[in-house]
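Listed after this line are the structures, all set down as structure tokens.
Here come two complexes built around chain A, the first alongside chain B, the second alongside chain C.
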Partner chain A sequence: MDRIRALLRPAGDRNLNRVRRRQALLSALTRRIHLLKITLFCVGYLWMLALPSPRLGRGIYIDENALGPGQVNTYWNWGDVANADRYLELLEGLRDSNSTHEQRAEVLKMEFLKLGIPASTQNYVFSSSTGKYEGTNAYAVLSSPRTSGTEAMVISASWVSRIGEEDGTLNLRGVSTVLALANFLKRYSLWAKDIVFVISDNHLDGMQAWLNAYHGETQSNLQAAELELSSGVIWTALNIDYPGHSFSHLGIFHEGINGRLPNQDLLNSFHYISKWTGGVPVLVYDHVESQNTAPSWIPAEYREELHGYSHRSNTILRHIGYQARGRGSGVHGLFHQFRIDAFTMFGLPATGPHGFHAIGRIVESTLRTTNNLLERLHASFFFYILATPDHFLKIGSFLPSAVLISVAMMFAGLKIWSDSAWIPDTSAAIEKEGENNGNKWIERIRPVLPVLGMMISTHIGGVALFYVLTTAWFSHNQTIASILLVAILATLSLRALLVPAEDTRAVAPVSQLLKALNLCFASTVISITTVVNFSLAMSLAILLGIPLSLSSPSKSLPLRIAKFTAYLGLASAWIFASDEVRKALWDWEILRVWFAPFVCIVYTPLVLQAAFVCLLPS
Partner chain B sequence: MKLSLDLSVVFPALVASRLLLALTNLPDALKHDHQLSSPLTSYLNLQEGIYLFKNGIDPYSGGIFRHSPLFLALFTTILPTSRTVASVIWTLCDAVGAWALVQIWRARQRVSQTSRDGLIAGAYLLNPYIFLSTLSLSTSPFENMLTLIAVMFAAQGNASPSLLAAALLLHLSLSSVVLLAPLILLLASSPVSQLASPRAFAKNGKNVAPLVAEFAAYAAILSLASTLVSGGWAWVPQTWGASLTLPDLTPNCGLWWYFFTEMFDHFRPFFLMVFSIHLLIYIAPVCIKFQYDPLYATFILLGILATFKPYPTMADPGLFLSMLAVFPEIYPYLRYPIVTTLLHLHAALLMPLFHHLWLNQGTANANFFYASTLVFACANGAALTDCVWAGLRIAIGEPQDGYVVVQE
Partner chain C sequence: MRTLRFLWVLGLLPPCYCRYFSGETFSEELVIRPLPDGKVASRFEFTTLLHGATPRNPQNLSVEDHSQHYTLFPLALGQILREYAVTELHLTLNAGKWNYDRWGYPEESDVATGASLWAWMAEGSGSASAANARHRVDARWRDLRNALAGLFCASIASLDEQRTTSPGRAFTPVGALPAWPASVQHAFRHASLPSENVCTENLTPFLKLLPCKSLSGLAHLLNPHRLFDADWHGMGLHVSWRPNEGVQVRLTFQSVSDPLRAGGNSRDWSLRLLFDRVVDRACPVAASSRIIVTLPTKELYSVHPEPSSVVDGRGAFDLSDQSFPLDLRLRWAEPFQHATVPSAEAPLSVRRMLRGSAQDHGALAISITNPDSDPVSVVYLETLPWIVYLYLSTLELSVGGVRRPDLLQDISYIAPVPHGRAATLEAFLSLPARSTVTLHIGVGRSFLRYTEHPPDAQRGWDLPGAVVALLPAASGNQSSATDSTNKGAMQEMKKWNQPQRIYTPALLVDPATPDFSMPYNVIIFTCSLIAFIFGSVFNGLTRRFVVLKSPE
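And then the complex of A and B:
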């Protein structure tokens, strides 16, 4: 007991003890800060590698009790399948006669009207730097027989399928499913919400125009007719994509634009229904689990795990690809910006065994499930990574990976910042005085304003870069313009070579301060992005984490230039991926995806600052 | 890089660029923002009140309009209410505020012009917390302007204008009564920096009572004027009462709203009292500790108000941070300025983000936004405690090797 007391209350002056304790703690921390930093980096990156592991995460479950998925008898039957086939013949006729957008929409509208459902069409024109996109949407509103029509569900199909990343395959069976469902659903009086059927033109732009008009949003480059029919607040939307003759699996596509995900309860309900009501296996995306190709010398239990790992990592990589670029994986992604939970069910083309019969029953049952909702899906089921259809990662099991790296960067930045204020005093007088201790330090001033000016000017440069990218000039001469832009960027940056070296004994070198603030700011950006778009934050953590921590000034000019060139490459090489750039700009102009401006205004300047660090005198 | 900031060049340039910004359509995008304007300062509520008032309906009978009747008088008689004119007036408010801040600096230095003048004007006019708030047409720039004018006149020794400004300020925001004590101390002594040489309050306290009386008289006259304007006493519970009873729980960047949304009704009066009194308990200790430098005491109390007042907007912490420019002598003694800056950076990015996730995108909930306001409160608290530390530490002198200063 006394020993514990002695440990807690050591003898001597209380304040002196406190000061000593604090100093010991601080020096223990600062001495190990490099170790701490490296540990955090390692744990962060290893965690990222561990994300596809079957040991992480848990099985799916339904959180919202009101949903009750798969608890109903379905009535969709072979007669409805025959209807769908008849609609399909009609659509094939439209396709073969090369009908225009308007004619097509007019025919679809007439079909809805024949069923006795109010229907209408909507013309739209998008103008962008790469040209005009026009089309005509057809839609119909089936009023709910039970309520006043303040809430609605959407069933949609786009004219062009997402298969082959929009290679132009038509989604004819998806559209005929919607038409046949309209015929089927209006016969029942149990709907508590309006059902809106939308056949949007093209792949993404049609739905964007329709949703903007429905919600009264204006977009400067969009001329869209107002909707003649309206309904209530849309809660959920199901998008049907069925491009092949038959399908073997139904794939879930769920990423929305700007990294927004739908409530997981919706996906889980669909999964249950598809599996138990429809008897159709579910996939995440459209890749089927391949044969186990792990080498045979690996013990059997590890082989299974390795195989699971490789399949999951494929899925997660695709997820990151969609989410980080903010692109969304299909038409459903456009709904999310209006707070509508939506996903695409994709019929994976195969020779069998499923067709209209299965998809009709699944959609019917899913609609009955969402029809049960008394309030919006709201539980905190928006932050997840689907590793397989029945297994997912919770926020707590993936978020820390990127945050740890950002913390490591913050530590590195703070360490450099505090180091920059001090320099060991190596003047002759001191050395003579006491040979054995050289730890006499002198304080120096840190000119922050010029460094901040430098950082702000790179970001302003990013804004200018982005402005140039969105001009028509850039889209017409993309190759030359890209080379020119990078050349301008390089020459402007090389001006940093002209910054004179100051006396480092009195003033902290600009390069050191720039690196400190650069790391701190990059860390802030990463940790804040994790919540809104984890995939983007993770990509940033990989692209910025180690490179920004390694930037350093050097003495010899060739080395400085070499380092600078490497960082310039990291900052601006993306500009030569012309297809990607064009797509990202299209996304920005038509769908308002902020990935392109983010890269120009945040990512490139951050790496450029690291490039400056290499150029500036030490 | 040598900063040569001449006020006669910098000031008009800054005001002109601010005017240009104000005349874009940014205000329309920002005026609904909960962090930039509170129910007590919202431009939309002000317009609503003015409309009702012009149409002969008592604006205080509803529960939306919580601005002082002085605003009603001002905007229905003298000033037009179009958006463009409002943008110009609001920006001019900030210009006057910046000018007053420069005057405070000059009074503190006892010189008529310094090389830092331009920097100080810039610190106020370019502070994003302040100029975004002004762009959102929240009425907090008026409060900031009156605060700075009151402090400026007090620093220059003009008692009556200072007390009048303070009384006007009291009508716009009840919580600013906290500033009365240091203002009167400031009037009774001088604004010159005494932080490095603390001593007991030397001037005699005899002329304090007349100053308080004068302030009370102004406040009473303004209250009577308000009553005349609005035709009754209904404004009292709607404006001042709102600061004490917190009827409107619209989220803002402060600490009160979430606490009171979560509270059981029978605890409400008790905690309202605790929260309100909590604001007052700082007055005496801060004024006693900094009795030798009342301008610094005003500054600290402004920081406390910005952190703990019932309906804060971003402009309140903004004023505190901009005012830091007037006290360059404490900079070497700040312990963790980089941490404070980073906390502010995080909070300033997290708050709009979580607000968006909660109310626009719908994927997060109120707890997210509240967590980000807690980060903001930490940032403000860190700035505040560091300033208190530095203000006290400076008196002990330059740090010496082998010696440490501890707080008992």
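And then the complex of A and C:
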């Protein structure tokens, strides 16, 4: 007992003991900081690898009690299917007659007006460095009875399907579903919110123009007509994409631009309704689970798990691809910037068995569910990774992976920072009694300002790079311009070779300080991004984590140049992926996706700073 | 046999079957108007006139009032009016937004969404003694709200000081305001609550105020099952004083039903279709009881039974010379088709929108279209709760993108008091002929204290609709100008020399709201933990604690 007491309350001055204890703890920690760093890196990367495991995550559930999905009888029937077929004939006529954007929108508007629903059209023109994008949207506002019209739901379909971005497939069945739904929904007096039907032109740009006009937002390169009709605050939106003749599954596409996600309750309700009311299986994207191809010598229970792992990793990789690039996976993504929860239901083209009858019932029931909402969808359901339609990862099971790596980088940076202030005094090895460590430490100056100047100049260079990318000159001669830009970048960076080596005994080397600050800054960027856009943070953690920690100056010039070239490649190789660059720039100019500026202004400069570390004298 | 029994009942209750009671007259009227988009608007009006009565002078509130004996006049209402010395009172409880562009000008002009209450009351005895504090206008206004809330089972009591305003021009008394000796001017109070839901619990007390309840006469048609399924419905209470006649109480119920909703393309209607009831018998105490139907002018139709008289395209059916049960039917020869060319039905077309997706600022955009060939002057009235405040310096008027500051003739603005008083903006605008005037004002959104958030579901705050009042001088030639405009209502307004008021729909604004649910706590907790760990680690890495031996 006494021994325990002595351990907890040692004799002597309490403050002295505390300082000593702290010192002991800290020195134990700082001595093992390398080990700690490596452990954090390993745990972080392994965690990332474990994300698709079926053991991680949990089954979906409905959090908002007001939604009550699938609790209603649906009335959509074969008569409405016949209506949809008639609308489809009309639209096929429009397609075959090669009608212009205006003619098409005018016909759609007339169809709404014939139903007695106020409708209008909207012309828009986007001008970008790659050319002009014009089109005409048609939309209609069904005022629901007895309500003040302060809230609204949107049902939308874009004229071009999401699979039509390459081959021009039209979303004719989606559009006819919307028209037939308009005819159907106006017959009921139970709507508590206005219903807005939008047929947006093209794939993405039409909806962007419509949403900007609806919310009165201005975009410098957009000329859009004001909307003649308006309604209240939009809470939810359903986007219908049904390009094929029939469909076998309904796929959920949910990523919004800039990495925003819709409230998961909406997706879960849809999943529930589609499964139980419509009898249609649901997919995440268009990933149909394939046959188990794992080798047969693996024991059965592991085979199952391995198969689940490979299927989920496909889905999660695609999710990361959409979210990290901020691109959004469809028209629904544009709604998220205005706090509207939206997703696309994509009818996976197949020879059967589902068609207008199933999709109509599902949309009707989903609308009844969102109609029940008393307040905006809220709560925690904005941070998730949908691994399969009925299984998801909660924020707690994926967020730490990137945070751990960022913590490791922060530790590494701080360690270098504190190390750079001291240098062992090797010139005078004075043996002194009472000191158990024979080394003397000399304190030296840390020239922070030049280092910060260097960092800021790389970021300014990033801004200039981005400016060049958005010019029309770049989009016209992309290959030559890319080579030229990388060459300029390399030449400008090589000037770091000219920095003279200073006396490291008095002044800390610039390279060491640059590395410290670079690591700390990169770590901060990653940890902040985790909550805003996890996929981007995770990609940064992979691309920056180990490379930035490994950057170091060296004595021989060829080695310096070689290292520099490697980092320069990491920083700017993306510029040669011309398709990706073009898409990212289009996203920025039309949709205001900040992935392109982020890469130019944050990512590339961060890696360039590591490249400088290799060039600078040690 | 039937007549015999009726006579027997008569014998039992002789005083009830006289149509003219000493000093009280009750009359009822139902106006049915088919709308251009196939819907049917109907308006019930029940008028009770208390002959020779005058409103109570608030100077005499400390003196005991004379006793109230009414036969037809609703006693519950009479007591409230006398107790709080209300000269003129209007209360409307409406659900839905009136679509002026498609339905034209309504028979009952006050169609603001939700509950609105406005009244004229004279100042009580001026002394500031504690006993008379309850006689002040504001105290009586508060008590009146509470009393009416109890009478109509509505949330009128929550129309507190934060929602009460006193705009000067958009509202004028329908009747006259008595000029009492030694009394100050009448004060005007207005308040509205757009989020009020109107339903059966409000209709039942409304019916109780009628002499025949819903047992006989036109009030029998007020069937809650059908009325509250209508596209639009609203009830109103209007009390005014006519100097030569007396105190008039007008109870109104207006609705817009949709015969097309069943899915067919026939807009034929009958009383049974609209109300699921027919008139079984007349209200025995009604001095006049009639149904007025606006008959189609361009299409072929048949009406059954034949109207007693047809004046100006409106057929009148007097219940005294109709056989019961009475079921009016109007049939069109041709099936209905929706017009694909929009037609201007209302004297003005007004749109109001809240722009901007940010949570702390935005802009209010109002566009008023004058389809007429003459310029008109209007008063634009905006009463906003303090949650939203206007940046008056950003007010901008434009026509077709060209700035026109000259259109703003006068403006009066009462700034809001945060957490206390609503803002009132009254702008006098002149609208050029055949043009659309756009008014653009920047708005800010206040930050609410956490206790000010309502404890229930947080859907945002409703802003009451704006009011655009056409000034009477300019509205003189309105009814002749547009053919399709609802003439009956326009002439009615002219008769009382009232400005025509056009209400815009309510708006929803969501100020910055924390997510009060569980994850919020979790986020805060996690953030604190991380901050703590980071702080201690950073401290440990950047500072050094050493033990110094101080020389003693």
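Simple rule for what comes next: the second predicted complex is superposed on the first by the 596 of 618 C-alpha atoms of A that agree within 3 Å, B and C clash if a C-alpha of one lies under 4 Å from a C-alpha of the other, contacts with A are read in each partner's own complex, and residues count from 1 in each chain.
As a working rule, contacts are C-beta pairs under 8 Å (C-beta built on N, C-alpha and C of every residue); 3 or more make two chains touch, one makes a residue touch a chain.
Computed from a predicted model, the values in this text were never measured in an experiment.
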Which of chain B and chain C A:414 touches, first, second, both or neither: both
First (chain B), second (chain C), both or neither touched by A:574: neither
First, second, both or neither for A:453, with chain B first and chain C second: first
Contacts of A:532 with chain B and chain C, given as first, second, both or neither: first
Chain B versus chain C as contact partner of A:520, first or second or both or neither: first
First (chain B), second (chain C), both or neither touched by A:375: second
Partner chain in contact with A:260 - chain B first, chain C second, else both or neither: first
Which partner reaches more residues of chain A (counting touched residues only), chain B or chain C: C
Partner chain in contact with A:19 - chain B first, chain C second, else both or neither: both
Which superposed partner A:187 touches (first chain B, second chain C, both, neither): second
Chain B and chain C contact sites that coincide on chain A, given as residue numbers: 19, 337, 339, 376, 378, 380, 414, 417
Interface residues, chain B side, partner chain A - complex: 1, 3, 338-339, 342, 345-346, 349-350, 353-354, 357, 360-365, 368, 404, 406, 408
Complex contact set, residues of chain C against chain A: 37-38, 95-97, 99, 102, 113-114, 194-195, 228-233, 258, 260-263, 337-340, 342, 351, 353, 355-357, 362-363, 365, 457-460, 462, 505-508, 510, 515, 517-519, 522, 537-538, 540-542, 545-547
List of chain A residues in touch with chain C within their complex: 16, 19-20, 22-23, 25-26, 29-30, 66, 110, 113-116, 118, 143, 145-151, 186-189, 215-217, 230, 232-233, 337-339, 374-376, 378-380, 411, 414-415, 417-418
Complex interface listing, chain A residues touching chain B: 15, 18-19, 260-261, 336-337, 339, 376, 378, 380, 382-383, 410, 414, 417, 447, 449-450, 453, 520-521, 524, 527-528, 531-532
